[in-house]
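Have a look at this one.
Per-chain numbering from 1; labels A, B, C and D assigned in written order.
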Amino acid sequence: MLKVGLLGAGRIAGVHATAITSNPGSTLVAVSDINAEAAGRLASQYGAEARSTDAILNDPAIDAVLIATSTDTHSDLIERATGAGKAVLCEKPVDLSLARAQACQTVAARNGKPVMIGFNRRFDPNFATLKASADKGEIGKTELLSITSFDPAPPPVAYIKVSGGLFRDMMIHDFDMANFIMGAVPVSVLAVGSSIVDPAIGAAGDVDTAVVTLAYADGRIAVIKNSRRAVYGYDQRVELLGSSGLLQAQNMLENTVVKSTTAGVSSAKPTYFFLERYMPAYAAEWAAFVTAVTTGTPLPVTLADGVAALAMAEAATQSAKTGLPVTLASVLG
Amino acid sequence: MLKVGLLGAGRIAGVHATAITSNPGSTLVAVSDINAEAAGRLASQYGAEARSTDAILNDPAIDAVLIATSTDTHSDLIERATGAGKAVLCEKPVDLSLARAQACQTVAARNGKPVMIGFNRRFDPNFATLKASADKGEIGKTELLSITSFDPAPPPVAYIKVSGGLFRDMMIHDFDMANFIMGAVPVSVLAVGSSIVDPAIGAAGDVDTAVVTLAYADGRIAVIKNSRRAVYGYDQRVELLGSSGLLQAQNMLENTVVKSTTAGVSSAKPTYFFLERYMPAYAAEWAAFVTAVTTGTPLPVTLADGVAALAMAEAATQSAKTGLPVTLASVLG
Amino acid sequence: MLKVGLLGAGRIAGVHATAITSNPGSTLVAVSDINAEAAGRLASQYGAEARSTDAILNDPAIDAVLIATSTDTHSDLIERATGAGKAVLCEKPVDLSLARAQACQTVAARNGKPVMIGFNRRFDPNFATLKASADKGEIGKTELLSITSFDPAPPPVAYIKVSGGLFRDMMIHDFDMANFIMGAVPVSVLAVGSSIVDPAIGAAGDVDTAVVTLAYADGRIAVIKNSRRAVYGYDQRVELLGSSGLLQAQNMLENTVVKSTTAGVSSAKPTYFFLERYMPAYAAEWAAFVTAVTTGTPLPVTLADGVAALAMAEAATQSAKTGLPVTLASVLG
Amino acid sequence: MLKVGLLGAGRIAGVHATAITSNPGSTLVAVSDINAEAAGRLASQYGAEARSTDAILNDPAIDAVLIATSTDTHSDLIERATGAGKAVLCEKPVDLSLARAQACQTVAARNGKPVMIGFNRRFDPNFATLKASADKGEIGKTELLSITSFDPAPPPVAYIKVSGGLFRDMMIHDFDMANFIMGAVPVSVLAVGSSIVDPAIGAAGDVDTAVVTLAYADGRIAVIKNSRRAVYGYDQRVELLGSSGLLQAQNMLENTVVKSTTAGVSSAKPTYFFLERYMPAYAAEWAAFVTAVTTGTPLPVTLADGVAALAMAEAATQSAKTGLPVTLASVLG
């Protein structure tokens, strides 16, 4: 039974608390948050204690921590938690600074404890099925990957300003998805972005609409489309062309009802946003972490995966500014 | 906070235990079962006590019982539980005997406690959305209802023999669905059935494939198709034609992946059976029960609904044997 | 090269004229109609001559006639045309009177010329694919057939009055579809009908909504649903359950565009009515007739098929009136 | 009645001959081809004469010519035909050389006769519906366009060598589709290509898989994906994100049959290649040409559209080689 401390008590921490308590292999021991009241509320709901982060990290009875705090604390907490001998599952991204993330990776490696990054979409049943099908060779040799990832509505500009930008905040999930499905990182990144959804996003120095092309050493190509606004819901699709077929993971809909009238045939919209869409993925992600940590088997997503996705975001950010392709080697230094 | 005793510790009882414990308005106090070990296991998993049924019914601290025992005990337990002042949610069917169910209805009415019958499909998000759309008049006046309800595989003949037959055991859900959607009971029932899936089912005096037509006083018509075998999964669809459109609630699929190869375009099968398909419905059913009981508002499904569905099953059983239409009035006596 | 005379110059005759002229194995020689002007217009458009029906039937250079006149003339024209040595393709139904159709069948048999009845739906690419898949055993042994057949809007009551009623005029297509797919005629017919779409139809002694259940000697069951009104378009679907799977032929849509907005996800409606939906079927039907007649191979649909469907319509008409099942044997006399 | 000469008697010329003869506003007078036998065969099938190209161009009774010869003859024939006073519909591309196409445009403008380029996909009912919906503002302001265009199988390398390469031969259709839907030409073109389908294609100096990103002056973005091989059929989809919704034009399937078995749920493949998919588009294209020429209204696709698409192909070819973005201005000189 894995004893777990949860760092952070915000909305996503609540999702993780459910996953931890409903998993037969783990138990939630303690919750911390800079907002003590929030920590108290979450802890009591799930039968755990509210503590300070220090108290959690110093408790030898706690085996693992789940880091669900703000991004700027991730690197520090990964270093401290692994230093304290804890296995770690940390929300993405590792950091907004690639250099800081790489330094964290060095420290964590020295500490020798497993660190998994929360790329929850790898555990979505649809994407996981697509990946498994491709790995079984059901469409032959993979050639061309296409990822569509649109949020339902743009966040406030205040959030945009501290987010690290669309590539580090939003497309980072898709970079990891590309790495997951292609089983390799690309050689170069080519980004075209603009702010046509909301001029205020452009004024803040970010883009809200972007297309990124990834070129791989073996000639394969991937393309990622992002928009901060798809008014019909959370649009999350993956499409993979191979030498003997095509795989598509389509959206999940709110229900299966179809209405036919003189106005046409209509069905439900995609599930609204990430909590609705990826709820099963969060549970599967946690189960995979528990299994890997308790059996000593390799983690399905590593800190290195987090650094790779961040490097791609860095390259895309540069490419979108210059209009030129950026090699991954150049940003990795 | 509704304090709940769970009668029965089988597979469906486990589903209910999850619904009870995860609902913020209810808590699971005790579990009983004729198999004491099963009761103990389930109770301990959900932090409750294993007790005798008597002990549960006699405990004044318990507000409600959920009856998930075998069908032949339902009527007795409904009578005893309401007599002991408990609110009741009882799995369907009320009884295999219409007369016994009607007697139970009389006793329960005298006892004056709310009794809800577990027609979980009313709470399926797809069927509930279809019903809400029809009630809002989105397809005008309703005219023709069609229910497709196929199980993935027939049960053992030993089960068939004690089940009360396809109409009372399986189609009873669809009778209730018709009552739910049409908002009325039919005038007459016309059944055609045969045993072509498994001759052993026919030898046991039952049918495994049936079409039942329901005629309503206002000229509306409903048709229900049942088969004990749909090898591709649990096929659960409803289709409602109205004066200004059509509503269809389609199957839920295991995932959204589509594969295109030279062999064609293929997608996932329907979710396999009722636990996979109706898991969200069980949680919503329980939530509706808790709300009704704790606020004193009318139950969304009543013991009368259970009796009506059973009467339709009785009529269909007679009609399938004689080949003639059977009025509901004639079986209600 | 089959030389063809076309009897009738109405709307459906125009469809047939296109099929005849575009088929490399046939040529349209002459057209007749009680409205001489209509015959003239159609003939000139397709490079044929307008003639009297007598002149067509008496012309030894004409090999085949296509009868697209009003229903009350079909039996007479089949008898005269076969008597004159012509191969015949006649629009459905053979006649509104089963006795008259049977008499016609006797005469045609004596005349020894091939007579095909225009059950065009057998040649629809979707239904033909479903049938071929079933015949290849792709879903094992067939068990339960379901046909949905809704017209977009009811015809004028004046038409209803001379139509022979819903079962002879509209459902006759579905009776033939059942015979086509099941490869057998049913033992008994059980109809429930009502007039809820338009009370004037009921006042005229007909129904506008009906469900018919067909019971087969081997225990198989078919169910046909008809409505005179589906405001969203022509709803033509077939569904066949077998021991190892399900086949569904779905509607054809006007286009493949899908629109997703805050209002939901919407797509095009089914093609509006029979001309749009079955245009490819009419061409395929004619091609099959030409092939059979010119090669001397059996016709894919025979006059006997037309009589069988009419007998089922007769049985259904009786059953809808009495509420009792009617055997096919009883109406065939 | 438009009198038409058809230059070329190959496969696509046959498709055009059908469109010309079945259109009530045009008649096919003569056919020419360097293969006199082919011209003779096609002419006799459609009731026209086989002639030399000169004889067609010099015949004052011929109003229009349809150019369906090999690409290297297009510019010359456009110049000669317009010089001879004919209206012209010419198959795409105008030329493999952008400079030559531009020179042709100058000559044709001087000759003052209408020249339409055969971008047939604009007339596909699905894409035309998508465009009309966008133009009506049904998804608000358009932002991000995505075109998927995969051929079922690569052509022989011998064809590749004279084709002008993937961008001029295959993606040129998609460049025109982007211009059609966006209503503007892009500022710059960014191409990533590789030859992973067939190394022989790479050895011939071409790519078989490519992703091209188009950046527009107003910040909008389009992305085009091409592959020479999609084994499941002709994959032709368009997707347009706007400020208030998404439009998708999906593939047309061979039929609507769905089969559900233990192996999954399968449906028909997309129509196999351009003749199957775009047959209705060829007829609609010709109808639009006839209407524009006979009424003197503007052509729906012009020679300028052909030059614009060719310029984008030229830019993409350069970009794929250098890895750098290429502005349209730089190739237009």
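In the analysis below, a residue touches a chain if its C-beta (ideal position, glycine included) is under 8 Å from a C-beta of that chain, and two chains touch if they have at least 3 such contacts.
Which protein is which chain? UniProt says A, B, C, D = Inositol 2-dehydrogenase.
Given the structure is predicted, the values throughout are model-derived calculations rather than measurements.
Novice: From the C-alpha centres, identify the chain that is farthest from subunit B.
Specialist: Following the centroid criterion, the farthest chain would be D.
Novice: Check A-B against B-C and say which one is joined by more contacting C-beta pairs.
Specialist: Higher contact count goes to B-C.
Novice: Would you mind pulling out the distance in Å between where the CA atoms of subunit B average out and where those of subunit C do?
Specialist: Those two chain centres are 41 Å apart.
Novice: Taking the mean of the CA coordinates per chain, how far is subunit B from subunit D in Å?
Specialist: 57
Novice: Among the residues of subunit C, which are close enough to touch at least two other chains?
Specialist: Each of 230-232, 235, 244-246, 260-262, 268 in subunit C touches at least two other chains.
Novice: What kind of graph do the touching chains make: line, ring, star, complete, other?
Specialist: complete
Novice: Provide the residue numbers of subunit A that touch subunit B in the complex, in ascending order.
Specialist: 125-126, 129-130, 133, 138-139, 244-252, 254-262, 268
Novice: Residues of subunit B touching subunit C in their complex?
Specialist: Where subunit B meets subunit C, its residues are 141, 143-144, 146, 148, 150, 188, 190, 192-197, 209-211, 213, 215, 218-221, 223, 225, 227, 229-232, 235, 241, 243-246, 323-325.
Novice: Write out the stretch or stretches of subunit C touching subunit A in their complex.
Specialist: 230-233, 235, 253, 260-270
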